[in-house]
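Should a chain be cited, it is by its letter among A, B, C, D, E, F, G and H, assigned in written order, with residues numbered from 1 in that chain.
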Amino acid sequence: MNRKQLQELLQSVRENNTSIEQAVNNIAATAIHSSEVAQLDLHRELRCGAPEAVFCEGKTVEQCVTIAGQFVEAKHTALFTRCTAQQAEAVLAVLESGEYFPDAGCITYSPNGSLNLAHDVVVVCAGTSDLPVAREATVTLNWLGCNAELISDVGVAGIHRVLEKSVRLRTAECVIVVAGMEGALCSVVAGLVASPVIALPTSIGYGASYEGLAALLAMLNSCSPGVAVVNIDNGFGAAMMAARIVNPARNLQE
Amino acid sequence: MNRKQLQELLQSVRENNTSIEQAVNNIAATAIHSSEVAQLDLHRELRCGAPEAVFCEGKTVEQCVTIAGQFVEAKHTALFTRCTAQQAEAVLAVLESGEYFPDAGCITYSPNGSLNLAHDVVVVCAGTSDLPVAREATVTLNWLGCNAELISDVGVAGIHRVLEKSVRLRTAECVIVVAGMEGALCSVVAGLVASPVIALPTSIGYGASYEGLAALLAMLNSCSPGVAVVNIDNGFGAAMMAARIVNPARNLQE
Amino acid sequence: MNRKQLQELLQSVRENNTSIEQAVNNIAATAIHSSEVAQLDLHRELRCGAPEAVFCEGKTVEQCVTIAGQFVEAKHTALFTRCTAQQAEAVLAVLESGEYFPDAGCITYSPNGSLNLAHDVVVVCAGTSDLPVAREATVTLNWLGCNAELISDVGVAGIHRVLEKSVRLRTAECVIVVAGMEGALCSVVAGLVASPVIALPTSIGYGASYEGLAALLAMLNSCSPGVAVVNIDNGFGAAMMAARIVNPARNLQE
Amino acid sequence: MNRKQLQELLQSVRENNTSIEQAVNNIAATAIHSSEVAQLDLHRELRCGAPEAVFCEGKTVEQCVTIAGQFVEAKHTALFTRCTAQQAEAVLAVLESGEYFPDAGCITYSPNGSLNLAHDVVVVCAGTSDLPVAREATVTLNWLGCNAELISDVGVAGIHRVLEKSVRLRTAECVIVVAGMEGALCSVVAGLVASPVIALPTSIGYGASYEGLAALLAMLNSCSPGVAVVNIDNGFGAAMMAARIVNPARNLQE
Amino acid sequence: MNRKQLQELLQSVRENNTSIEQAVNNIAATAIHSSEVAQLDLHRELRCGAPEAVFCEGKTVEQCVTIAGQFVEAKHTALFTRCTAQQAEAVLAVLESGEYFPDAGCITYSPNGSLNLAHDVVVVCAGTSDLPVAREATVTLNWLGCNAELISDVGVAGIHRVLEKSVRLRTAECVIVVAGMEGALCSVVAGLVASPVIALPTSIGYGASYEGLAALLAMLNSCSPGVAVVNIDNGFGAAMMAARIVNPARNLQE
Amino acid sequence: MNRKQLQELLQSVRENNTSIEQAVNNIAATAIHSSEVAQLDLHRELRCGAPEAVFCEGKTVEQCVTIAGQFVEAKHTALFTRCTAQQAEAVLAVLESGEYFPDAGCITYSPNGSLNLAHDVVVVCAGTSDLPVAREATVTLNWLGCNAELISDVGVAGIHRVLEKSVRLRTAECVIVVAGMEGALCSVVAGLVASPVIALPTSIGYGASYEGLAALLAMLNSCSPGVAVVNIDNGFGAAMMAARIVNPARNLQE
Amino acid sequence: MNRKQLQELLQSVRENNTSIEQAVNNIAATAIHSSEVAQLDLHRELRCGAPEAVFCEGKTVEQCVTIAGQFVEAKHTALFTRCTAQQAEAVLAVLESGEYFPDAGCITYSPNGSLNLAHDVVVVCAGTSDLPVAREATVTLNWLGCNAELISDVGVAGIHRVLEKSVRLRTAECVIVVAGMEGALCSVVAGLVASPVIALPTSIGYGASYEGLAALLAMLNSCSPGVAVVNIDNGFGAAMMAARIVNPARNLQE
Amino acid sequence: MNRKQLQELLQSVRENNTSIEQAVNNIAATAIHSSEVAQLDLHRELRCGAPEAVFCEGKTVEQCVTIAGQFVEAKHTALFTRCTAQQAEAVLAVLESGEYFPDAGCITYSPNGSLNLAHDVVVVCAGTSDLPVAREATVTLNWLGCNAELISDVGVAGIHRVLEKSVRLRTAECVIVVAGMEGALCSVVAGLVASPVIALPTSIGYGASYEGLAALLAMLNSCSPGVAVVNIDNGFGAAMMAARIVNPARNLQE
C-alpha cells in the first residue's frame, strides 16, 4: 500500500462508500505478508516512500520462489537484486509479468502497471567495466519512477570527456558517480555541479584497489563538498538515495 | 559572487546602468583571489551553490591569517573549520565581524549580512559525546542559510527515545544522523522517514570502534535504503550535502 | 561420560555393585579416544558441561569417517558442523542413527537417546539470508538439550517488526541475535530485554561489509550493555555460550 | 526506578494507599530526565535489569557536571566510567556521597544505599598491566550488586599458575578473563570450567598487538566453546554482561 | 654441492688425485644451473646449510617440468612444495626416483641417496585440520635429515592433552607448534620447555580468523618468551628454521 | 666523491700528476666514514647519482651531532630531513655553513659550494595544508641541483585551477603531484602531460583518510597510466626519484 | 593520431596540399571514437605520449569485441591487457593482424606497422612465479617502441645472482624490479644503479604476503631512494611509467 | 632457582648435608613470590632456561617498586624492560646494585653476581634509528650470559656494507637482524649464513611503514628460508629466542 492507495481508501471512507470495518481490515491485511522465510514489510512505501526490495545473495532458489509468491499474492510491486540466471528463471516462472535485466542482475515486477518516469537523475560512470553496477542503479531508478540517463566511460584520464558533459550534468536534479580504481571522477563532478552527488564505488581495479576499498576511501575523502557515499557495488542503494532526494516533498505535502 | 549578485549585475547591464566593460572587469575580479598560500575559488558558490570553506588542520596560524585577509579584501563570506583556539584568536583579529563557536571549532564571517534561515534540516545524534561533530554541522548549515534543529542523546539502547521523535523527524526535508560506537541509529531513523538520510559517523567509542571505523562501516552497510555516508567526524561535509539536497532547484530554475 | 553417568557409576561403587578396579578402568577408558588423526576429549562434557564437537572444514572425507567411527566405538554423542553434502554422506554411513540438517550443515548423533529439551533460548535473525547461520545455532542448541525458537526477518529497517516481538523476547532466558550488514538489530534487542544477548555476526552484505567485519565491529561497539560477541558465522559458538548461560547451576549443584 | 520500587508502588495502589493519578505521575516523572546535553533513560533498569551509566570520554567537564546534577535531582544511582581526575573532582563536588576509584577511572553514586553483594563472579587477569581494565569490571560489578573476586597475573607462560586456581574458577557462576598480548588465557580457562566465560581483551602489548586487536581476534577464535567477547578495554561492558548472566531469572520471575 | 662433497674434492686435490683444473671446473659446474625459467642456486647448501627448494604455486606445469629436468641434470637433491596433483604427475615423470606426499603437497628427490635422520624435532599441532601444514613441515625435515615426530590434536580446549606430552616436548631439541584459530597452544608449549619454539600459524578457523591472521598475531604477541614466528601455512619455512637451529655447528666446525 | 671528482683524479693519474698509490689511498679514504653510530656511504653519489642523506626521526640530538661532524670531517655535502628545531640548532652549531628550512624540516650543507640549478621539475600540490611535504621535495631538489617550481592549492574541487596550469605542466621534464584527502589531482595531471608523474600522498584529511592511506591507494590505482608512487609524506623520496629521472644520462655518458 | 601524424598533416597544410577544412575534419574525426560501451580517447597519444589501452577484466566478450571493432575502424594501434583466452579468441577474430601473448595475457594490434624498438629498459624479476607480470610489462614496452630485456630468478636469497647482473643493470636507462614475497630485490637494485627504479610488486607468496601487500609496503618503504611504486601485478602500469621516463623529450622538442 | 642451584641442592641431599624436609621447604619457598600485584614465577628459569622479566609499560611506578621489592626479597636476578626514566629512578632505589641502560630502557639486577658471557650472537641493524631496539636485545643477551656484538648501519641501500661483514656473520651461532622500513636486510643476511636468523622489525619509517607493519610483513615473507620473526620493536623477545637457540643442550644434558 502506498500513499495514493491509502488516500483513496480514506476518501472512500469519508464518502461512506467503504465501512470503517472494511477499511480497517483492508489496511491491516496489507501491512505485512509473512511466510516461513520472510516477513514482507508492505507498508514500507507508505512509511519511507519506496517499497521493500529483495536481495537474492545468500538465498536459495526455493526461498526466492517463496518470496516471489508472496508478492504475487499481495499484488505488490517487487524488485529482486543480485539475482543469478538460475534464480531469475525460477522467479520469473512465478512473476509472470516480471522482467529480467541480466546486465543488471535485477528483476522488476509491477502488477499494477509501470510508473510514469519523472525527475532527472544522471548516472555517470568512469569506465566500461563499471556498467553492471551502473545498470543496477538505472533499473532501480526506473522501477521507482525516475528517469535515469546513463553516461559511460568518461574517466578523468581524459578530463575533456567529462568536461564536455558538464552542461548536461548541471541540469540533473541529482548525479550518481560510478567509479572503481581511484574514484577521482566523483570529486571532479562534484566541483562542476550544484546538485547532490551520490558516490558509488565499484570493485574494479588492480590488486591494491582492494575490491573497491581504494575508491570508497577516495570518495569519502572527496575534497569537493556535497558528496555522500554508498556501499561498494551497491547500485541499488545509490538509486534509493537518489529517489529520496528528487522526491523531497513526498512525505510532506502529498 | 553568488547567483543573486550575478543576476543583479546582468540586470544592470541589460538596463544600461553598467557598461559591458565594467561588468567584465567586475566578474573577472571576483573569480579567484590568490596569495602565496592559497588560491580562493570565489566562483565556487556560483558553480556549486555554496562558497568555499577553509579547513584549518595542518595550516599554521600565519597561513590562516593570510587567508582571512584575502576574504576581507574580497568582502566574501567565509567559514573556517577545525579551528583551534589559538588559530581562532588570530583569525578573529582580522575578521572583525566574525563569530567563533568553540564547541564546533568553527568561525563564520558574513560581511554582507547573514542569510535568512530556510528549509528544515534535523541533526539527530546518538550520544552527548557526539555533540562537537553535530555542532560543526549545525553551524555550517546556519552559515549556508538553513535551519538546523539539533536533537541529542537518543541512541538505540533506549529505542523509545528516537521513536518519540519520529513525527518530528518525518517532517524534516533531510535528516543528518550523527553516531559513534555501532552507529545503529542511522538504520533505525532511515526506516522511519521518507526523506534522505545523511549518515555522519563519529570517532567516539571503545577500542574496537577504531576511531569511527565501526560506525562508518555500519552506516555504509545500513539495511535501510535511502542512506548515504560522509567521512568520520566530518560535520561540515554532512551539512554541505544536506544543503545541496534541500536546495535542489537552485541550479535549475534560479 | 557426563555428570549423570559419573554419578551413577560412583553410586554403584558406594553400593558395592561395582568394584573400585572396574570403576577406575571404566573412567579411564572413557577419558580419551585416540586415533591417528584425532584425540577425542570424551571428558569434555564432565569438565565443561557440553561434549566435544567436530569442525569438518579442512578435514578430508576419510578423516571425518575415522572420527565418526571413534564416536561409534565410544557410544558417545556427536555433533559434526560445517559438513558438506559429500562429507555428510560418508559420515552417515558410519553413524547409522545420525541425522543430517543440510540447511545448517550439521550432523547430530545421539546413540543414548535424545535429550529432553528444556530452557528457553530465542534465536532472532535480521534477514532471510542469515538463516543458515541461525540454523547452525538452533540445531546445536537442540543437540545440547535446549529449546530454541527461531524468529526470522525482523531487521531494523522496519523497526515495528522487532518491537512486535519484544514481549516474546523478554521471556527468553537468553537471546541470540543473528545479523549481517550493519548488525544494528543486536543493539535494539539488548535495549529491550534484561537477559544476556549473544551477538552473532554473519558474512551477508555488500562489498564494504567485508564478509561480516562490519557487523562484528558494530556488535562489539554496541551502545546497549549486556551484549557479548562470537565469531562471524559461528552459530555453533553462539549456541555453546547460550547453553552455558541457561545452565548456570550445572557445575555447581549437580 | 527499578523493579522493586515499581512493585512497591503498585502494591500501594492495590492497597489504596496511593491514588491512580499519583502513581501515573510518579511513574511518568521517573521515566526520563532531560537536560540540554543528556536524556537520562531512568527506566533502563526496569527494562534491562541494570541502570544507565555515563561514559565520560569525549565529554567536557561541564557536561559531566550537568549530568551528575540530573542524577542528584532524580535521586538515582549512577556510575561514571572513563573518568579523568579532573572530571572526577568536578563530579564529586556535585555527587556528595559519590566514591571515586582512580585505579578504575570510575565514580559510583548510590543515594539510596549500596546493594548487598550476591552471586559469584571471578575476574581473572593475565598480567599486572591489565589491572586498570579488570578494576573497571570489578567496580561495575559491585555497583550492580555482584561479588567480584579479582585474581591477577596468572598468564599462560606459567600454566601452573592458572591450573592452581582451577578449583576456585569452577565454583564461579561466571568468569571474566582479562588479557592483552595473545589473549590465550581465555581459551585455557574456558576449557577448565562449565560456566560462561566473558573474554575481555586489553590494549597491552608490543607493536603487533595493535592495541588489543591481537587479543580480540584470538578471543573471537577461541578453540574452547562457551566464550563470548566484549570490546577492547571495556571492563564496564564485561561486567554488564556478567550481571545479566548471573541474574537470569530477574526479568522472568520477579 | 654440499660441505661434505666439497671437503672430499679438496682432499682429493691435496692428495693429487684430482688436478687443480679439474677441481675448478667441477666447482664452477655445480655453482648454478640456468634455464630460461630458473637459475638454480646449487651452492645454497654450501652457503646456508640447506639446498634450494621449488615453490610450485604460480608456476605452470611446463615450468615445473623444466626445473625438475635441471635437477636431474645436476644430480642434485630437490624438494618441490605446494605441488598440485597435476604438477606432481608431470614432475614425477622426470624425477624417476622422486616421491610424492599428497597430504603434504610435496615431492622429494634424493638422487644420491637419502640422508640418515638425526636430531630430534617435535611438530605438535592443535587440531586435525592443521595436519596438511604440519605434514609439509615433517616431510621437509626428513628431506633435510632431521627426525620429526608429529603429535596431533592437542589444542588447549583440553589442556591436559598437551600437559601429558610435556615430558616428551621437553626432550626435543626444537619444537614447532602448528595452530590456527587463536593459536594459544604456542604460548602454553613455550612455557613448558626450554628449547626454541617455532610458531607456525595456519589458516584454519571461522570468519574472524582472517585466514590465519588471528593466529599469526597471537603468536607474535606470545607472553611466553622464546618463540619466533614464520608465515601462515608455511610448513616448509618452519622446518628450514628448525634445521638451522638443530645443526648450529654446521657452519662453524665442519 | 662524485663522478666529476673521480674523473679529475683519474685524469691526474693518467697525466702522472698523481701516483697510483696516492690515488688508491684517496679513493679508499673517501669510500666510507664510520663512527660508533653511523657508517656514511660516501660513494653513494658515485654509484647512484645522488649522495646519502640523514633521516633524523628516531635519532637523538647527540647522534645527529656526531653524524654532522662526520660530514664536516669528510668535507662532504649533506642533507638532514625530518629535523626538529631542537635537532637543527645542535646540528647547525657543527655545520657552520648549513642552512635550515623550518617549513620543510630540512638542513642542507654544501661545503664545496652550491650546485647550479638545471632541469625543470614542477611540484604541484592540492591544498595549502600539503605545503610542508611539498617543501621537503623542493628543498631536496635544489640540494640535488634541480630547479623546482612550486604550484599550490589547485585541488580538483575547482578543476579550472589546474587546467589553467596545464601549459606550464606540459613543459616540465617531470611533475610531482602532492595531495592528501582523495588524491585525485594526480590522475588529472597525468592525463594532461606526457612527462612522468610522481605521486606523493600526504597525511592531510578527515578521519577516513587514515593519515594518507586513502590518497596512497588512490594514487596506486590511478586510471591515468604514467604514474608511480612514493611513501606518504615522503617529499624527500619523491625528489630523489625526480632527480634520477631528469638526469637519465648521468650513469651512461658521463 | 600521434605527434608524427599531426606534424605531417600540418606540414601538408603549410604546403597547401591539404585544405584547412580537410585538416579540421581530419583532426576532429580522430579525436574520439564512441560506441555504446566505450569512448576511445584517440588523442591520448598526442597528449600523453602513449595511446589508450583496454583493460579486459570486468568486460564481457561482447564488449571487448565492440571495442576491438572501434580500433579497426579508426585504424588505430591497440593493446588489450588482462585478456582471457576466451576474450582473446573473440578479439583476434576482429583484429586480424593482432597478436596474442598468452603468458602475458595481452593482445597487441599495430595496423600501421610495428614501431622500431629503441631505448634500453631492463625488467628484472625475483622468481619464476613473477614471470606473467613481468611479461605484461615487456609486451607493453615493446608495443610502445621500447627494448625490454627480461632477467629472471635473481632473488636476494642468493645475493650473488643479482650482483653478477649489476654491470648490465647500470647501463639501463630505467629498471623495473618485479618481486612478490618481501620485495627486497627492489632496494638492493636501487642501491646499485643511478637510473630510476620502478618497483612492481606481485601477488606471489605465502599467507601473510596478503596477495602482494607485503611487497607493496616494502617497496614504498625502500631505504634506497630513487624508487617509485606501481600497483600490485600491474605490469602494464610499470611499462607506461618507464616509457614516459625514457622518452622525456617527447612532449618538449618533438 | 635455576638448574645449577637445584643440582647443588640435590647433591647436598644425596650427601646428607641437607635434610629432605629442608630441601622440600627450600624448593617450595622459591617456586613463586606473590604480592598483591604480581605472582613472580621464580621457577621459570628451571623450566624454560631463562628467568622471568618485567614489562614496565602499563604499570604504575608503585607497581614497579613493589615488584622490585619482591626480587630483592627472593634474592633473584631481574630484568625490567620498557622502563621510563621515572620508573627507573624509583626501581633503582630498591634494587641497590641494579644497573640502568637508558638507551635500551632496561634495568638489570644480578644479586648473585653476573654471568660469564659465552656463545656468540651478532645483532646487526640496518640504520642508526634502530639502535634503541637493538640495544634492548644486547642488554637482554648479556643478562642471559650471552655475548652480543652489535653491528650498526649496514642497510641494503649500500649492499657492500653488509657484504663486508659476511665473514663475521658466518661465524656467529645466531644472528638477530634489526630493521625498520622495508626490512630487506633480513633476507640478504639469511642468504649469506647458515645459522638461524631472528628477524626483529622496528617501527622506524615514513607513513606507510605503519609503525613496523611493512618490515614485519617483509620479514614473514622472506624469500630466504631459515628466518623466524618476533614482534615489532621487541628486542627482548629476539634475545630470549636467541638464548634458547645457542643453549640447545641446556634442558637435555645438564
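Throughout what follows, contacts are C-beta pairs under 8 Å (C-beta built on N, C-alpha and C of every residue); 3 or more make two chains touch, one makes a residue touch a chain.
From a predicted model like this one, the values you see are computed outputs, not experimental measurements.
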Graph distance between chain A and chain D, where chains that touch are linked: 2
Set of chains adjacent to chain A and to chain F: B, G
Labels of chains that are neighbours to chain D and to chain G: E, H
Longest centre-to-centre distance from chain F, chain (CA-based): C
Recurring contact interface, reference A-F, options A-B, B-C or B-D [over half identical by residue number]: B-C
Most remote chain, CA-based centroid, reference being chain H: A
Length of the line joining the C-alpha centres of chain A and chain H, rounded to whole Å: 61
Centroid distance [mean C-alpha coordinates] between chain E and chain A, Å: 55
Between chain B and chain G, centroid-to-centroid distance (C-alpha), Å: 44
Whole-Å gap separating chain A and chain C, where each centre is the average of the chain's CA atoms: 39
Touching two or more other chains - residue numbers and ranges from chain A: 47, 127, 157-158, 190-192, 205-206, 208-209, 213, 216, 220-221, 224-225, 231, 237
Chain pairs that touch, as defined at the top of this document: A-B, A-C, A-F, A-G, B-C, B-D, B-F, C-D, C-E, D-E, D-H, E-G, E-H, F-G, F-H, G-H
Complex contacts: residues of chain H adjacent to chain D: 32, 36-39, 41, 43-44, 47, 52, 55, 57-59, 63, 67, 201, 203, 211-213, 216, 231-234, 237
Touching residues on chain F, where the partner in the complex is chain B: 127-132, 152-154, 157-158, 161, 204-209
Chain A-facing residues of chain B, complex: 47-50, 53, 170-171, 173-174, 190-199, 216, 220-221, 224-231, 236-238, 240-241, 243-248, 250-252
Chain D residues touching chain E - in the complex, by the definition given at the top: 126-127, 155-159, 163, 181-184, 186-188, 190-192, 205-206, 208-210, 213-215, 217-225
